[in-house]
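Input: structures, listed below.
The two complexes that follow have subunit A in common; it is paired with subunit B in the first and with subunit C in the second.
== the complex of A and B ==
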């Protein structure tokens, strides 16, 4: 019986067997910091985002209507005919509907609003990107994930699939599930986006990162969400 | 003629016999390069008998005993372009600038280590003649 079970488990794709959030590999103190909203530094951005939302966004949106939104992004943007991530959507909303200058990528204002909106989906499962219009970007994301790059000639797969759980110097290599963005990194001493994190890996292998907002990052995010579909959103997560 | 040229381009499959420089490698300098995680990068993936570097990786075999397992020529091949032995290896090719994708501008056209540094690292690795602690 046990043997049959083991065989059944082996037959499942690796992703269904033992996907783990980077949260599980953190020190207990860092986990406690994320769990406790009074200690979680990311909640400062969420609070700022809430203020901005209540000031600038409530003529169209309600807090309740934001629940589940982050779980469905990146999504298809009719206006540009391209996929758009959550920060891009918020930025576009400011530009199109408030007729204001859109906040820059990685600016305090955009991080705060994105963290606030994503926080409304905390605990909800990441949706699988099933919109057929996202299929080309999903395929592009998968290809980018498998592509070797940089002077060190490494792909995402080689660390985050083939060697996840092993140690790169002192750090456990995570499986790269984007469950908690934007998130607070102790290394950054601040909140940052998935794009910032992806850039970190790209410069780590000594490759030229794509510019903030590039379609390649959105494609990678769609692929990563497909890979992490069903895992719970943690925003704002804390990571070492 | 073209075939001859091609044959000359095919690298030796097992070892690079010729040192990259006329100056023999210096094991002390080599150790410093191996220990430096922004120069040699070795300890990000390997462990080795360098106790002052506390955080060592475990993605790759320990460097301990490298001097028992390999000759200088075999080490040279593995450092210069180990992908000639195993194209799927995660080990970067330390002395290859071709066939790479989206290299950052600061590193474009430059190998990870200079020729003399590679000879220094080889000299150091040859001194590692004890198997890793169990």
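== the complex of A and C ==
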């Protein structure tokens, strides 16, 4: 029995065995900050999102129906015929169904709503993007992840796969699993999306980042979710 | 109005030590940082926090530019009698916010 188990474990790809959320590499104080909703500044955005949701969204949606939604995004958007991430979906909903001006990317309103919706899925596993229509974007995301960029000529793989767990200056290089977005980053002194984080890495290697909402970011997010499938959602996470 | 998260126990036994925890949304702009145009962003911080319990000040703090955004404060007091816990934040640009929470002491 034990041998079959060991064989089963061996059969899994290496990345599936020892995947760890960035949470585990944080200082104990920062972990405590994330664990305690009273100390977690991200909960301020969740509270604002809840207020906005109850004011603007309850004609169609309920709080209960939002559970698990964040775990299956990015998803396929029928109207545009393209993959769409959670923040994009909320913007599109405002534009199409409320006929209002959609909130800008990284605006307080959109971050708050996204954080609130994603918070409803806290603890649920990220689901693998299995929709066949997402396959091209998944492939594009995988290619982008492995593509060398910028003046430093680095790809995501070189840090986040090859050297994950080692240090870049004083910080542990995380495995880049997007488990807690939008998250409160101490460096930002605020809440930010995965796209903002990706921009940070891109400017870090001196490459031109994509514009907010670009298809490339959605593709990368699909690939990262595929890579992190099964890991628990932590929104709103806290990171250093 | 800034968004706040406050944790004051609803009820306590007389003589119990209670913990009061507050988190307020505020940029705490230091006054030393340049913006994208190279101009220094004017200081915008919370300067003072006061907490009174049934009219008497039980805790106050002076905040400085070195304190991070969205300051979290946690302190303890002894539950003496039923009443109101009043928390006030004051800061630059006329920032002032007061929140109250009732506490029942048995």
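FYI, the second predicted complex is superposed on the first by the 229 of 240 C-alpha atoms of A that agree within 3 Å, B and C clash if a C-alpha of one lies under 4 Å from a C-alpha of the other, contacts with A are read in each partner's own complex, and residues count from 1 in each chain.
We take it that a contact is a pair of C-beta atoms (placed from the backbone, for glycine too) under 8 Å apart; a residue touches a chain by one contact, two chains touch by 3 or more.
It should be emphasised that the depicted structure is a prediction, and the values quoted were computed from it without experimental measurement.
K.L.:
Determine, under the contact definition given at the top, whether A:47 touches first (subunit B), second (subunit C), both, or neither.
P.N.:
Only subunit C is touched by A:47; subunit B is not.
K.L.:
Just to be sure I read the superposition right, which of the two partners does A:187 touch: subunit B = first, subunit C = second, or both, or neither?
P.N.:
In the superposed model, A:187 contacts neither subunit B nor subunit C.
K.L.:
Look at A:169 in the shared chain and tell me whether it touches subunit B only, subunit C only, both, or neither; answer first, second, both or neither.
P.N.:
Only subunit B; A:169 stays clear of subunit C.
K.L.:
With both structures fitted on chain A, tell me whether subunit B or subunit C touches more of subunit A's residues.
P.N.:
The partner that reaches more residues of subunit A in the superposed model: B.
K.L.:
According to the stated criteria, A:24 is in contact with first (subunit B), second (subunit C), both, or neither; which is it?
P.N.:
neither
K.L.:
One more residue to check, A:208. First (subunit B), second (subunit C), both or neither?
P.N.:
In the superposed model, A:208 contacts subunit B only, not subunit C.
K.L.:
Where does A:39 make contact in the superposed view: on subunit B (first), on subunit C (second), on both, or on neither?
P.N.:
After superposition on chain A, A:39 lies in contact with subunit C alone.
K.L.:
In the superposed arrangement, which partner chain does A:148 touch: subunit B (first), subunit C (second), both, or neither?
P.N.:
After superposing on A, A:148 lies in contact with subunit B but is clear of subunit C.
K.L.:
Enumerate the contact residues on subunit A facing subunit C in the complex.
P.N.:
Those in contact with subunit C are residues 37-39, 41, 43-44, 47-48, 186, 189-190.
K.L.:
Spell out the residues on subunit A that touch subunit B in their complex, using ranges where they run on.
P.N.:
Residue positions touching the partner: 147-154, 158-159, 162-163, 166-171, 173, 203, 206-208.
K.L.:
Okay, in this complex, where on subunit B does subunit A touch?
P.N.:
37, 41, 43-45, 54-59, 83, 90, 92-93, 100-107, 110, 112
K.L.:
Touching subunit A in the complex: which residues of subunit C?
P.N.:
Interface residues on the subunit C side: 3, 5, 7, 21, 23, 25, 27-28, 68-70, 72.
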